[in-house]
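A short write-up of the structure that comes next.
Order as written gives the chain letters A, B, C and D; numbering starts at 1 within each chain.
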Amino acid sequence: MSVPGYHRPKSVEDAARLLAETDGARCLSGGATLVAMMNASLAEPKAIVSLAGIPELAGIAELANGGFRIGAMTRHAATAADARLAGTLAVLRDAARQIANPVVRNMGTIGGSIGFADPAADYPPALVAANAEVEIVNAAGRRRVAARDFFVDWYTTACGPGEFVTGVHLPPPRPGAGLYRKLARVSGDFAIASVALSAARDAAGVSVRIAVGGCGPRPIRADAADALLSAKFGDAAAAAAAGEALAAAADPVDDVRASAEYRRLVIPRLVAETVAHARAALEAR
Amino acid sequence: MRIEGSFVVAAPRERVFAEITNPALMAGCIPGCEAIEVIDPKTYRARILIEVGPIKARFNLVVEVKEEAPPERVVSVTRGEEGTRASVISSNNELVLVPAEGGGTEVKYVSEVSVTGRLGKFGLGMMKKKAEALGAKFAENFRGKIEAAAAS
Amino acid sequence: MTLALSINGRIRHVQAGLSDTLLTVLRDQLLLTAAKRGCNQGVCGACTVLIDGRPQRACLSLAANCEGAAITTLEGLQRDAGMARLQKAFTATGAVQCGFCTPGVLVSAHALLSHNADPRTDEIRAGLSGNLCRCSGYRKIAEAVAEAAKEAKP
Amino acid sequence: MSATAKAVGAALPRAEVREKVEGRAQYIADLYRPGMLHGAVLGSPHAHARIKSYDIREALAVPGVHAVLTGDDFGDHRMGAFIKDEHAIAKGKVRYVGEPVAAVAAETEAAAKLAARLVSVEYEELPAILSPEAALAPDAAIIHEDVASYFKVFDTGSTANVCSRTSLTEGDAAAWDRCDVIVEGRFATQPQAHVSLEPCGALAEPDATGRVTLWSANQSVFRVQANVSESLGLPMAQLRCLTPRVGAGFGNKMEPHIQPIAVKLALATGRPVKLILTREEDFEIVRARHPFKLRVRTGALKDGTLVAREVEVLLDGGAYADDSPGVLGYSLFMSPGPYRFQYRKASGTLVYTNKLRFGAFRGFGNPQVSFAGEQQIDEIAARLGLDPLAVREKSMLRPGDKWFGGAEVGSNGLEECIARVKAASGWAKRAELEPSAPGRKRAMAAACTAHISGLLATGAIVRMLEDGSIVLNTGAVDIGQGSDTALTQICAEALMVPIERVRLASPDTDGSPYNWGTTASRVTYTTGRAVVAAALEVEKQIKQHASEMLECDAADLELRPGGRVGIVGVPDKAVSFFEVSARAHWARGGPIIGHNSLVFERPSVDPKRAIAVGLPFPQIGAFAFGALVVDIEIDETTGKIEVKRAWSAADVGRAINPLAVEGQLEGAFVQGMGLALNEEMVWDGPRLANPTLMDYKVPTALDSPHEIHSIIVEAPEPDGPFGAKGVGEIGINVVPAAIANAAAIALGKRFNALPLTPERVLRAMLGK
């Protein structure tokens, strides 16, 4: 008895087929993004393929290698509450906790959020810092793309026509620290700028991944920054140099939240602060 | 909404000017341009599809060349709408060609774009960011076409 | 197209197209007007309802997508003891001024107390950070929620 | 409530709170009428253009459309609070992007919105004037070519793009020579959106005779009636204006928004028409707080005594005058602040631009001038090494002093306000405050303010029904600030009846006495006075009846709690209001009705003391006073300011309902925090770039401190109802100034532009 144009397939393959065959069809996950655009008559889909009926897309499952697969339909609230995302993976939990507000975190999903790929959203830099991979499906099958390559441009991802995100793969959590520092005008707003950092510590030393959000068409990262921080994690000069490298790699714009110039100014300061907090967390253990 | 940018093309100014005022070539360079039709030497009709995330906006535009000072300057006005007039767009565009060292040409473009309707209200932030990306893509396509032609 | 939705414990039949939201259906067809339209973009919180027990934005929920879900609006919580305590506390502490945000705030507060019976003030304010109020400055709202939680203690 | 408990002063719950917490309260968007159509408007794409022609054929062809109206369907009638410069819809010319150009009524909202988009309009674009400076340029395009011919309610001095100018001067300019320290500076404040949570809307229903009943989100049913009748050329009596519950206003709904268009659509279709603006249209079409540009000078002696203050302002008024001349005049009138000065001068110019009209918003210009004035007092204190509050105490207005221009000041509790916030905040030990974490700077600062409550006319009708219960009718709209409750308490107190025995009639231009509006913090004070006076007339009639029933002299009678009247000193000689009223209805004298009308009459300026040019209000109001202390922290990494605690004291004469007074002070503080820290309407060329709640952000529960201590000070106002004055606006006035003062102490940098965003603060910290 449902509405014409509304589909709720039971499997990923059915969903992929519907998307490929139906003209003007769009994926509906949590609705926080797509329905907001429909209300603004920015998006006028002729068909909706809801992913709510596909069991494998929900929930966070531990993988054989000790890593995790977060189904595309997993709501921010569930990701924010999952204690298994610890150590280096805590960066993702910290990010999920700071998305919008509790009510929207009950609706929004990780697949919907990263599919829309607003670079000021909280998951893109966090997934890069967590060294995650994004699982994509199309009519032909599934493939995985590293998060650092998944986010391509403003609101543009590696997903081609008819493709959609089915999940996120996280490497096994390594002992260490994971932090997401978000600067926004008010609580719940998109970031002016954000820093996502994971720091794995083992006998060999510290291995750091860092990414900056809100300051370019996609999450900003720099091999030099990762290298500098990993080599001398305790050193303030290294943190400053890493901050400068990331500011140089950034490509911020002026928008209603802040100016490009301010974003370049604040990136090194946020990086230095986040590194200091991560180091304190490591030393505390 | 002010969109500006510049890029260098390895070709002399006269050549670049000729191509930039050639609708057929421009059609291939403007990202999302689905059709271009010459109405008269000074007026073109173009249909451009812009996709930003789930937004699909197909613009029916009329481009009027206001001033032409070969080989250095073109001023044009674009007017049009998309969907059932869901958005109305108008922009004043200026293109300046400056000789660059090594015989190339620097193409500087500035557009003062006004969008009202659905895209103006909600999509302005996104459109501005997408416009920057479109500008870069145009430059890439245009340079590719000119330099390929020059090389052959 | 007719759609059967479970609203406040009863199946209600409504007409819905692909882009009709739950908020439009609740307000314009079922005349359940407690949920308010403050922004239609999921920011203000005045349209908050419970879907399968979780507070969500009715303006961002497509009616077609709500088939099979249990939808509860403020009108459906009138005989809920927890809601009665909240209503009493909001009345006594002066937490209601214009009242436009109140239904959404009460639904969010009700959900907050149902999974955190004794929240600290900062937890209450975090729990309500998705409900905008322009009149009260939030202080008396947070106090009212704390008051209702205290009342619930055995 | 027991018969003896007092009504005035009791922290009673809101009269209408039950329906609000049960979700039954009906706001404009919740109303439905049989056969109702839906309205929509088309906004102008241009900021300044002549309208050449319309083509409505495509719009009319949309299925379900009943009427498509353009400027041609509206007569050349104009409305406006101070200058009649505005049509009901754009006519002949458009003057800001988004200005309604066409309106449609259709079976469904979707059909109306589609049809509105399909109205095609041919424009001849004109140069857009987007700043006051551009408006004043010699060759600037003229926005209102025929401003000279508009009807004006005062000597505005309108010419070219100048909408009005005002100046007020008192004292001897030679005072500047006596100053040991003079500080001078230029300041700028930003446009702020009200963001009442309820978007504007209206529902108009014509009857067979063409008389229209109009419900709308408003702050004054009488201003709705006046504006609709003026802009449509209808006699006022042809309109009956009512109000559902209103989802806050803050000034946004004091003057008209979509009502005239809704009424015209209803008349054109003969059907009820409901038109509710989207949030985005509410941002783009209605009104906002004026951005100010100020040049301010303040002079003082070595010991901190304030000597001279001079203020010059330039206001962007937007496309139509609306309340702007009043905001200009009032901001100058309040610009010296609550201090003694030997010399005060304030002058300003208001100009038309091609932006949406700027109008009334809580504080009405006072927050803007205080942002400059209260910082200069702190700057003087810092230069002289004195305690900023001590400097204020030395020169504060004292009881008996007159206001700038010579206006009478009744009660004055400023001294107690300052003392109470000093004590509560631990002001003396403010230097010992420690930041809560490394990398943060902390500081405490203060500011003082005054505000009027008054202005213009109001009335009250108190009717005793047959059973002795009371119906009070005042025409005052409760927009959430609690006037229904406060006025009921005042009436119950005056007649010594339990509050449940008094019910308030909903404002209705057919039956309510005139009330200018819920604005200028005026309802408790002005309408409260009328209620007390009307109740007194009822008391006289009751005593007349009782004297005949108890065979005694009326002078020997007294009202007793619980609705009784008896002979003084003779407890058992009494009759009930029920018995009196039954007699009045069935035997003698006729039903008991008390009525009072008043207009605030005390002059704002004493010509012997001051020279006023173009002052838009010959009378102004009673004076309330306030003091604010804030405790803030600044994150040195990002420049972001967090307000940790605040103490806001206000002399409200008498708190009719302490809960409601605290609510006003706390709500005003957080709305003031938005103005201080991040709210800003941003233009991208001619169009508003952030007309959505995704892009224009207001403080949430996590951005505002839980520790907002509202402190009620009561210096009874001689002619106030039980001593009460207004409190609606005073709590917002100096929030930006106090936060800026604290930031200056924390960073050693002075901020002369709002908002104090992380960007602005970090730049100042780094000297960039």
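Please note the rule applied: a contact is a pair of C-beta atoms (placed from the backbone, for glycine too) under 8 Å apart; a residue touches a chain by one contact, two chains touch by 3 or more.
Just so it is clear, the structure is predicted and the values come from calculations on it, not from any experiment.
Path length between chain A and chain B in the chain contact graph, taken as the least number of steps between touching chains: 1.
Here the spacing of chain B and chain C, counted between their Cα centres, is 48 Å.
A straight line joining the Cα centres of chain A and chain D is 44 Å long. Note on chain placement: the centre of chain A and the centre of chain C lie 29 Å apart, centres being C-alpha means.
Annotation for chain B: residues touching 2 or more other chains are 86, 121-122, 125. In chain A, the residues touching two or more other chains are 36, 40, 44-45, 101, 187-188, 256.
Contact of a single residue of chain D with at least two other chains is seen at positions 689, 692, 694-695, 698, 700-702.
Chain pairs that touch one another, listed by label: A-B, A-C, A-D, B-D, C-D.
Residues of chain A that touch chain C in their complex: 1-6, 28, 31-32, 35-36, 38-40, 44-48, 50, 52, 77, 100-104, 106-107, 187-188. The residues of chain B lying in touch with chain A in their complex are 52-56, 83, 86, 118-119, 121-123, 125-126, 128-130, 132-133. Against chain D, the residues of chain B that register as touching in their complex are 1-2, 84-86, 88, 90, 112, 114, 116-117, 120-122, 124-125.
Remark: chain C residues 1-4, 16-19, 21, 40-42, 45, 48, 54-57, 59-65, 67, 108, 112, 126-127, 129-131 touch chain A in the complex. Residue ranges of chain A in contact with chain B, taken from their complex: 26, 33-34, 37, 40-45, 116-118, 153-156, 217, 253, 255-256.
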